[in-house]
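Chains: A, B and C, in written order; residue numbering restarts at 1 for each.
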Amino acid sequence: MTTREKILNRIKKGVAPNVDLPDMSIAESWITPINHHDLKLVLESVGGDLQYVDSVEELNYKLGDMFPESLNIYSNVKGVDSNFSIKNKTAIELANIGVAVLNGDFIVEENGAVFISDKNMGLDSIPTITEYLVMVIPKNNIVKTMHQAYKQFNLRELRYGTFISGPSKTADIESTLVFGAHGAKNLTVFMVNE
Amino acid sequence: MKVGLFIPCFVDQYYPEVGKATYQLLTKLGCDVDYPTGQTCCGQPMANGGHAKDSVKLAYKFVDIFSEYDYVVGPSGSCVSHVRDHYDIIEQTDDVKHVRKDTWEISDFLVNVLKVDGGMLKASFPHKVGVHNSCHAHRHLGVGIQSELNIPNQESTIEKLLALVNGVEAVEMEHPDECCGFGGTFSVTEATVSVQMGKNRIKEHIKENVEFITGVDMSCLMHMEGILKREGHKVEVKHLVEILNSEL
Amino acid sequence: MEPTQAKPQTKFNTKSETKPKANLKTKKIIKQQTQTQTHAQLAEGFLSNQLKASWFNKSIWYQRDKRDVATKKLNEWETLRELASDIKAHTLSKLDEYLIEFEEKATANGINIHWASDDKEHNEIATNLLKKHNAKKVVKSKSMLSEECELNHHLENNGIEIIESDLGERILQFSGEKPSHIVMPAIHKTKEEIGELFEEKLNTKKSNDPVYLTQAARLHLREKFINADASMSGVNFAVAETGSFVLCTNEGNADLGLTANSKLHIASMGIEKIIPKQEHLGVFVRMLARNATGQPITTYTSHFTKPNKGSEIHIIIVDNNRTKLLAEEKFNSSLKCIRCAACMNTCPVFKNSGGHSYNFVIPGPIGAILAPAHDIKKYEDMPFASTLCGSCSNVCPVKINIHEQLYDWRQEITQRKSSFTIKSIMMKGGAFVLSHTWMYRLFGKIGGFFVHNFRKISTMATPWGKGRELPDVPKESFKDWWDNNAKK
């Protein structure tokens, strides 16, 4: 008998009581109108920043203010300039990315998390290997709760996708919160009015 | 209403005043109170120590003694919760079911069965009192406001009853429902941790300058009293019934 | 994972600030951990450094307080607990079906599934995979299952360098310790201790500044990420209907491990990590971080369905006594656990004895009910390391009746073992006396006489006397008073 069969047989001897799967429709009753002020507060509480822009021009202008040109900037957002190509780069070279400007799929109001799927990452490592992360989202791509969030995409059609809520952080040294553990040290979300 | 007085073994031996106050209070409130003298112990110390099987005889004895009363009332949340929750180790006869259902912790009984008000109590206790919410009454019997739960409008029988007492200033602690560390046999098998937990509790009470620590479990109070005395603090412990039974 | 929202109050009390720093170093009592010492003995060691014990207590309270604030912001919190409990309970009742579904879907997605009966088989599968890919340097994000299997030790014996990438775990790898907490593995270490450790291991300058030390670890581990041949992780959730798995971290170390350079990822998952559907993730992801650290979600909540081009993903599904637990009617609901650690953060015994006083890899209340299923004899003290206060059950996001299981394990432990221990004879004797009213009265009188007349000896001779006085012995018992005054 293979280990697989052994384990499955042993599971069959289990005596966990039968319980029906609960009806998840109750989660719909927890949805209230979107509140951008609450989103800003929660994103700030997790160390992120939220800004609104009317156009890509305004976004470019703000990015120019935020980051010096000397940084390696990678962008896959239409209209935002890159000065760094990710083609044929080794991991060591990719670790030199200073700023990544990426399209996020959508944002979640209750926790400020931006969902980004692999097709928006450029390369899988970019959202975490960059020193600073900027995510750009159309203003209407927002949901209230994680229950709604999980209805926005199908895991089957995804290779890799992650919710990112604020910059990378740790409190492993005496519970003191420090930003920039391994991933981005700083996260700004730009919501673009369409 | 025939009430059987359930006086836990250590209250009988060490805190007779608590037994008296319970009796006098219930009598004052119009109950027909009897103390069946054959009672010994509900079996909780053995059961918590992992020897519930050895306590089966005690459970039968308890039911045998108390089944004739309408209600069984005791000044100890943990003993009452043991009867209610753990007397599933004996056959569930009608008597057993009756005793399990109708055994009450005193504060719960006063608030939810007798529905007492200030006029009925006429109690006065002009002192600053710190409330100790003992775990078995608080969480197992659900007589208090459980800090971990997000349930609005929870009520506390201790708070309700103290509010009926003239002159008392009841103080809530920073951590209102943290365990004192008594834990039955835990107090001796893990004596160091037990005492440390007790020290943490009394520290909060002392910080609030209370004169008395009160609660509905004499065992927790005995544990804290032992530490208070050892460390030379003036704060005293008093079971809630003693406060409720204080006359004007 | 491990964070927070505001700067915490982890400063020592005023007394400590005036004392020299040397006081904060525990006399390595924690490290003397051996299987022969019981929780009570190890806890005594922990409490012998009062200053550090008080600091530890405060830092765990800080976690509990953040949890309370976060969970109370959600009106539907208690309903979420119900949903989470039901989803997990349902899954456990059809675990084989969901595992098979998961395997089918994951395999179709190009993920390789392996099955391991126990820790040994798990470690062998992992080692063989790494050897086959000629992987010499492996970065691993925090996995309690890999701790349970003592994987690191096994890999090192096979010449594979395994690098813990979670900051807390890396600190412990440097110090040679085991985690003392499942979410904040190095919560027992002060910043001074970590500063000294980094001076030695990473050549940092003398510092106890968490920002500086974290930055040093970032640089050190970046180099490891970009040179790693392979990566490893645990699994927070595995979704049967899609064959995907989810990893939750705050540091981003799991994502960086998988994506920076690694061409081989191995994820170890206990059989109980499965959930049926994608929509169920909403429930658990909303609860996990809120209950663990008070955050609204972990910084990274990452979903992996397929390997990237040129990479491989392997999942090792591990039993290691979980099916044994599944067959225990009273105890199998402990398999619902999602490892949020809230039960530790609320447990007054944990707060006052530290994670290293529990001999099992998972400390605290949940550890105390999981451990006996692994080895009832070896961990027989753990269910007794509790006052049964019930706070653990109240904070549990999947509504495991932890305190009731602690009580029930106590019964199992005493029944399954020889009945001729001193304690069991005393218990039987006690029950015998108490079942006879006249004997109870007699013993009560004798006891009272002793306490009254030989107070000093009675106090000193018993563990009760450790830090506590015995109650005064009244002139008459309640029964005596009743007979004389009230009897009808």
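One rule holds for everything that comes next: a residue touches a chain if its C-beta (ideal position, glycine included) is under 8 Å from a C-beta of that chain, and two chains touch if they have at least 3 such contacts.
On a predicted model such as this, the values are computed, not experimentally measured, just so you know.
Each chain's centre was taken as the mean of its CA atoms, and the one lying most distant from subunit A is B. Of all chains present, the one whose mean CA position sits nearest the global mean of protein CA atoms is C.
Chain geometry summary: the mean Cα position of subunit B and that of subunit C are 32 Å apart. Separation between the centroids of subunit A and subunit C, computed from CA atoms only, is 28 Å.
A straight line joining the Cα centres of subunit A and subunit B is 52 Å long.
Annotation for subunit C: residues touching 2 or more other chains are 75.
Those residues of subunit B that touch subunit C in the shared complex are 7, 9, 11-17, 19-20, 23, 34-35, 37-41, 43, 45-55, 57-58, 61, 86, 135-136, 139-140, 146-151, 175, 177-179, 181-200, 222-223, 225-227, 229-230. By the touch rule above, subunit C contacts subunit B in their complex via residues 39-40, 43-44, 47, 53, 57, 61, 68, 71-72, 74-75, 77-78, 346, 348-349, 352-353, 383-391, 393-395, 407, 410-411, 413-415, 423-424, 427-428, 430-431, 434-437, 440, 444, 447-448, 462-464, 466-474, 476-483, 486-488. Taken in their complex, subunit A has these residues touching subunit C: 2-4, 6-8, 10-22, 24, 26-27, 30, 42, 45-46, 91-92, 94-95, 108, 110-113, 118, 123-125, 127-129, 145-151, 154-156, 158-178, 180-184.
Subunit C meets subunit A in the complex at residues 2-8, 10, 59, 62-63, 75-76, 79, 82-83, 86-87, 89-90, 92-93, 95-96, 99-100, 105, 115-117, 121, 165-168, 171, 184-187, 189-191, 194, 210-211, 213-215, 217-218, 221-222, 225-227, 239, 242, 244, 250-253, 255-256, 258-261, 271, 276, 278-283, 285-286, 293, 295-308, 317, 319, 323-324, 326-329, 332-333, 335.
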